[in-house]
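Chain nomenclature is as follows: A, B, C and D, assigned in order of appearance, with residue numbering initiated at 1 for each chain independently.
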Amino acid sequence: MDQRAEKLNRPGVPALDEILGVPFEVLDDGLIRVIDYMGDDQAIVQAARVSYGEGTKKTSDDRGLIRYLLRHRHTTPFEMCSLKLHIRVPMDAWRQWIRHRTASTNETSTRYSIAIDSSQTTAPDQWRVQAIDNKQGSDGWLDSKTGVELTQAETDFKNTARQVYNQRLEFGVAREQARKDLPLCTYTEAYWKMDLHNLLHFLALRMDPHAQKEIRDYATIIGREIVARWVPLAWEAFEDYRMGSVSYSRIEHKIMAAIGTGDMEDAMRIATDAGWLKPAKKGGFIRNRERDELTTKLKTLNLKVPWE
Amino acid sequence: MDQRAEKLNRPGVPALDEILGVPFEVLDDGLIRVIDYMGDDQAIVQAARVSYGEGTKKTSDDRGLIRYLLRHRHTTPFEMCSLKLHIRVPMDAWRQWIRHRTASTNETSTRYSIAIDSSQTTAPDQWRVQAIDNKQGSDGWLDSKTGVELTQAETDFKNTARQVYNQRLEFGVAREQARKDLPLCTYTEAYWKMDLHNLLHFLALRMDPHAQKEIRDYATIIGREIVARWVPLAWEAFEDYRMGSVSYSRIEHKIMAAIGTGDMEDAMRIATDAGWLKPAKKGGFIRNRERDELTTKLKTLNLKVPWE
Amino acid sequence: MDQRAEKLNRPGVPALDEILGVPFEVLDDGLIRVIDYMGDDQAIVQAARVSYGEGTKKTSDDRGLIRYLLRHRHTTPFEMCSLKLHIRVPMDAWRQWIRHRTASTNETSTRYSIAIDSSQTTAPDQWRVQAIDNKQGSDGWLDSKTGVELTQAETDFKNTARQVYNQRLEFGVAREQARKDLPLCTYTEAYWKMDLHNLLHFLALRMDPHAQKEIRDYATIIGREIVARWVPLAWEAFEDYRMGSVSYSRIEHKIMAAIGTGDMEDAMRIATDAGWLKPAKKGGFIRNRERDELTTKLKTLNLKVPWE
Amino acid sequence: MDQRAEKLNRPGVPALDEILGVPFEVLDDGLIRVIDYMGDDQAIVQAARVSYGEGTKKTSDDRGLIRYLLRHRHTTPFEMCSLKLHIRVPMDAWRQWIRHRTASTNETSTRYSIAIDSSQTTAPDQWRVQAIDNKQGSDGWLDSKTGVELTQAETDFKNTARQVYNQRLEFGVAREQARKDLPLCTYTEAYWKMDLHNLLHFLALRMDPHAQKEIRDYATIIGREIVARWVPLAWEAFEDYRMGSVSYSRIEHKIMAAIGTGDMEDAMRIATDAGWLKPAKKGGFIRNRERDELTTKLKTLNLKVPWE
């Protein structure tokens, strides 16, 4: 690798330059704007070639190389790209967001400044029902009559919250203390910077259907509108190999191999050895979460389920 | 370093074992409990000796070595100790806490569970006045008549907030959405684990008088009640070399050296070259923050201030 | 979660306490010793229950919960455990080891101390042949006659290297400079501390058959001899869900679902759309790495390969 | 902060663009090249203003704000800038370099590729003498006659090392094993990316006179030639407030304050209480490292040393 004589031009991505600073609207009063970025698909390829040498050098193979890197969970070449966003987001979504420790963040301080006079509001048709199966999630919407009532209560409450905050400021209470009863969904703003490897991990978790709707809305825009423009080859590979991928455990894989040969008895034996087929008193088997997960997967693959 | 034959006993700190699991109370309804720890003063010494070799081996020098390491900002030996805490803390203090990215954290999820039915309350004599000089801080207390009024408004507001939350749950709203208007100071709980190097950094920032009172209360207990018991030599060194230390810039140091010789003209010249002594229209100098900071320091040292 | 009154005993793992400090031998002159640890299987469960609440509290479910956490790639509960090792390892294996940035490390300094007088040696039957398929790996052993010659040359070279180093020290050259020509496989020693989540990631990469044999030897002992004793439930789950798991991409999964229904034409169409079946001039298809990988997987599962 | 309508142009630094890709030569065969960067002085200011609000907005104050941030050890605004370098560096300097865990790195693999056929050589007048006072450092140069002898031995040794490596490759030994006896100072290459906050920390440690000369040569070029061009205001502040700063412990500060009032007895009392003035048998005091360090500082400040 003798690149010593080579004067470089700074890499840029015209498709991303076009939207630099332009806000994407999210929720009722949120936004995402790209402030700056470093690198592009080519920068991923270039870093991989430093590591893995000349053999990877045919230009025609850039897409193949990026797909290979992502498929085999190589990480450092993707760290060579970074993205800086300006976001405006309700604090309760931000509480989830900030759990990703690999970002650099500057958030508006409500010790220094008066809190943003806006909090996320819920339209009557947007109240979500607690899911039964999934303890952490929601499932469908409440009826509109109930929705109207809840939204009215929400509006009244927000007005009260704002009055309480303003009264404190008027009485001279320190901003750091006055804010203590602001609703969790009060908007905050931040600059947020992350490298592409960690950003893809963030998106895999936060675009997932199990993620809370609010942060999923943000993640989906970051992924589909921003990352897809910025590093289209990496994004395509990510959709194929991460978002759309399915993993099988050692036991699951063994059972599938038995099903593949048509040997259902063998499949049953492996499941029994794994403790998945304990008989229930009233017939059938005791509920087993691992068995249930494989049942679902086998049905998706149109394969026969040995224990059904 | 041939330690091959040596069977070890696990290091333990009896003074810390005694308080394992026992809650320290913080604020009106918060707590801190030590859940577990790894290492002790001796573990710091031992790690340093792996790096710096035999020369550091006299037992009598353990204290001196730890002081040396901390004074010269060595970091990795302090990383060899870790502390795991259980904390109960208002979410708005937690928002500051979680910004320290080098911790491992498991926080109670209000998607899975119903939110804790407690939020931090303010006694009438605890309302703090916005500081003028320090935009981010507070300075003194509001009078008690105002305090009574504010506390009453706070109580009423919290009741309303709780009703709004409970109404949503009764109507079947998903927990992840119902919580959206909880007050910021609603208590949350977490397990929080950090190594000693990063913990001392956390304490240096959060025990500082500029830190917000609420998180300072937690940090002070962690430092004085827990870390001081756990690693007493490291804690003593930390108080001497970090909490109590003062730093002088290159320019400040040059000016002090000039003052040391009594050459006030030279001191003035250095300050002028640094742009600190621009004349104001109405006499004296234009305000300069760097000059002001040195003025304060010189007075603490009982040294003459050249420009006064 | 009201655990306020509860005095705790410090968690310990007798099976690990037994081997604390006792060296495992690795390579010709390397070692691994456990120095200390924090947490156990129970600590993982306990941290998860802080996050996910009461629903996870039945003791009988500890194993199921740990398996669930690992299967669904939850990370923070595993961060609550830490392991501290003393290792003696050739610098060229250490160069790979130190790339894992989430560890705390104190390595013997050859600036402070004279370098260890030992470097890894190769027996005549241990010289490995360069692999053809796998550019980064090895494949089989050289014949013994060649091995004898190579080992003799290695021995002679090491003697020379040692003479060069010693001569420099005798002439008064600074240790930091004298060491510059030591062979890469000179042994070094370090204390190395990592949390369990990151340790499992380290082991997944370094116990993998693609990892270099030397570091794989270390990783295998850490995994099978140490982690398996320390957190047996987590280790079992790791073997099932990480070491033994297989991942299928979105495209692979679609093709498998088509095969499941027996619709081979559909399977071929999906592969064609993905660009996997470009015709070669001399018949058959152009080589395609993604297609080849699925071919291998399908054969393992005893499923029909549509394009063969 | 309503920046919603604002289309941005991507920030760039013409002074850095000019040298993009152009190698700086280091040591006998090393190099540093800037590959890409993100942000500039203005980006630091901008991020700080998100946090600290409108009060910081006068353009004339950019320099003052950056100096304030660096003086008070604010970190996140500096994380908003990143630098990506291509370096060619001897492996033994790289072993120190890679200890900085906050970088993203892609290093040339000598498993995939044949090792670089170059290692760092030492001219006869460049052999450094082991320092007595400073166990880790060097102090002056060996005489030229000895230097000639050492350089000749070095040259011979390198030839032998190369022959050994080449013989192994010819015999078909796997590259991953053939490299095991390469000299530590064999050159390697890497892409290396770090944010400005962590880069300044790296430079503070590695430009320090106590750092080993080889890595100091690299760090000095990165600092003086690259960072100084890229973010000139941050660099100036760094030189004033970090490189040139001196820190005083709590005890040191108390003693200095006593000296400031001229009360030498008080100064002696504080030092005695700190255990710095234990009488030696043969008169004077027992050696005390903390006292010695303050003695040096007081002399630099032209202040009287109470115990001399």
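By definition in this document, a residue touches a chain if its C-beta (ideal position, glycine included) is under 8 Å from a C-beta of that chain, and two chains touch if they have at least 3 such contacts.
Please read all numbers here as calculations on a predicted model, not as lab measurements.
Peer 1: Using the touch definition from the top, list the chains contacting both chain C and chain D.
Peer 2: Common neighbours, chain C/chain D: A, B.
Peer 1: Comparing the two chain pairs, does A-B have more C-beta contacts than B-D, or is it the other way round?
Peer 2: A-B
Peer 1: More than half overlap in residue numbers between the two sides of the chain B-chain C interface, or less? Answer same or different.
Peer 2: Mostly same residues: over half of the interface numbers shared.
Peer 1: Among all other chains, pick the one whose mean CA position is farthest from the mean CA position of chain A.
Peer 2: Taking each chain's C-alpha mean as its centre, the farthest from chain A is D.
Peer 1: For chain B and chain D, let me know how many angstrom lie between their CA-based centres, rounded off.
Peer 2: Roughly 27 Å, centre to centre.
Peer 1: Centroid from C-alpha atoms only, then distance chain B to chain C, rounded to Å. What do you get?
Peer 2: The separation of the two C-alpha centroids amounts to 37 Å.
Peer 1: If you average the Cα atoms of chain A and of chain B to get two centres, how far apart are those centres in Å?
Peer 2: So the centroids are 31 Å from each other.
Peer 1: Going by the touch rule set out above, which residues of chain D reach two or more other chains?
Peer 2: Where chain D meets two or more other chains at a single residue, that happens at 52, 55, 105, 109, 112, 135-136.
Peer 1: Touching residues of chain D toward chain C in the complex: what are they?
Peer 2: Within the complex, chain D touches chain C at residues 90-92, 95, 98-99, 101-102, 105, 109, 111-112, 119-120, 122, 127-131, 135-139, 142, 146, 149-150, 153-154, 157-158, 160-161, 164, 167-168, 171-177, 179-186, 212.
Peer 1: Applying the document's contact rule, which stretches of chain D touch chain A when the two form their complex?
Peer 2: 1, 3-4, 6-12, 17, 20-23, 31, 33, 35-39, 43, 46-48, 50-55, 76-77, 79-80, 82, 84, 86, 104-109, 112-113, 189-191, 193, 195
Peer 1: What does chain C use to touch chain A in their complex?
Peer 2: Listed in rising order, the residues are 52, 55, 64, 67-68, 71, 135-136, 239-241, 243-251, 253, 256-257, 260-261, 289-290, 293, 300-303.
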